[in-house]
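Alright, structures below, take your time with them.
Same chain, two partners: chain A is paired with chain B first, then with chain C.
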Partner chain A sequence: MAMLESYLKKQVLVLTADGRSIIGTLRGIDQTINVVLEKCHERVYSEEGIEVIPLGVHLIKGDDVAVIGEVDDELDKKLNLKEIIAEPMKPIVH
Partner chain B sequence: MLPLSLLRTGQGHQIMVELKNGETYNGLLVNCDNWMNINLKNVIRTSKDSDKFWKIQSCYIRGNTIKYISVPDEIIDLVAEEEQTLRTTYQQRGDSNRGRGRGEGFGGRGRGDASGRGRGDNSFRGGRGGGNSGDSSSASRGRGEYRGSSRGGRGDFRGSSRGGRGANNNSTA
Partner chain C sequence: MLFFSFYKSLVGKEITVELKNDLSITGLLQSVDQFLNIKLKDIKVNEEDKYPYMISVKNCFIRGSVVRYVHLPAEDVDVETLQDHSRLEAREQKKQNKQHQEQKSSTATTATTSTTV
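And then the complex of A and B:
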């Protein structure tokens, strides 16, 4: 918790258990790592580059959160998402 | 902002819920609880591959089956507003508590011992009745008198200090 609070109001990337990557401003967290993201979008990786899907305000359940990482805004803006080609991530299997 | 306060604020608004099994539920959020169990009204259920749709009048979704919930953008502003109003009411309450607390602090000291006693007694008796305060001021040098009068005061002090504890608890909670 204490570590996540330092990400509040910052741009973060959330990798979910089903292999999605969602980027947005971290607006809230709780003890179960439920996460509130504002102005968030999903990045869908495929052979035709990265597709960005706007999502708005999302509340992601802690169960579904695998990784939360701080995003370097400057660096992120320089990326040309259409030219980055990567395989989509696979969901977590238990 | 806590995720659950966001959800609570979202009551009465249209939300989209995706379950762990991939189904989505679009509907009006009627109710939610601390486990994120939710009640929806006028629901459209969509299958995992978005190829089948069902219309449901109302449904209950157990919180632990939820993957994520999408809420309208404006809810986040509503939460901020609510938090602000809560903060101001707490502040006001906190002030009045502090005021009360201080008063009782004197009482407590009065009950306790020595220097405090005189102060607490005086202020209290001044408030309660001239007879007593006259008592204490005229005969305050005498120990016996003092005790007698402070006994009278004790009941008061206790009662008030109990109230004070309650109030303090409230302010910390």
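And then the complex of A and C:
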């Protein structure tokens, strides 16, 4: 839990176990890595570039969290989402 | 607990974490906890063109349960010591289990004697 405290109130990217990427402001965490995101959106990867889907407030169960990344706002602003073409991320297979 | 201490000795070193979704992330080990959750600094995803999902991320937290492999710098790992400590821990665990079973069986016999009385 202490490990994630430094990311609180910041823009984070959560990669989920089923292969989705969700970006939002980190509002809450607990010891099982349950995560509350505010003002979040999903980035859907496909051959036509990245589609952004607004989601609002989301609680993601800890079991479903794979990676939490601290988003560098400067770098993120420079991204041209339409030009990034990639396959959807693979799900976690245990 | 052994590997938790082992990872703690590698803080500050560059490691590559391969996840169970085939993503490989290289970065400096910042911290680790008892679940072997890992925090990395200054990360780079291997094959970034193919996996651009974390382009704007510099620092990240990886849940221990999604880690498949951790690639470590060979020069920072003392394999012999690690092996010794692993054996030691395994031996202690065995001893504890044996003690536990002996305790169990002794309480069971006292229970049966008390019923016969």
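Simple rule for what comes next: the second predicted complex is superposed on the first by the 94 of 94 C-alpha atoms of A that agree within 3 Å, B and C clash if a C-alpha of one lies under 4 Å from a C-alpha of the other, contacts with A are read in each partner's own complex, and residues count from 1 in each chain.
Rule of thumb we're sticking to: a residue touches a chain if its C-beta (ideal position, glycine included) is under 8 Å from a C-beta of that chain, and two chains touch if they have at least 3 such contacts.
Everything numeric in this text was worked out from a predicted model, so none of it was measured.
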{"item": "Partner chain(s) touched by A:4 [first = chain B, second = chain C, both, neither]", "value": "second"}
{"item": "Partner chain in contact with A:55 - chain B first, chain C second, else both or neither", "value": "first"}
{"item": "Comparing the two partners chain B and chain C, which touches a greater set of residues in chain A", "value": "C"}
{"item": "Which of chain B and chain C A:91 touches, first, second, both or neither", "value": "second"}
{"item": "Partner chain(s) touched by A:69 [first = chain B, second = chain C, both, neither]", "value": "second"}
{"item": "Chain B and chain C footprints on chain A, overlapping residues", "value": "none"}
{"item": "Residue numbers on chain B that touch chain A, as the complex places them", "value": "1-7, 20, 36, 63-64, 66-73, 75-76"}
{"item": "Chain A residues within the chain B interface of the complex", "value": "16, 18, 27-30, 34-36, 38, 55-61, 63-64"}
{"item": "Of chain A, residues touching chain C in the complex", "value": "2-4, 7, 13, 15, 17, 19, 21, 33, 43, 45, 62, 65-72, 75-76, 79, 84, 86-87, 89-94"}
{"item": "Chain C - residues contacting chain A, complex", "value": "19-23, 25, 31, 33, 37, 39, 43, 50-63, 65-66"}
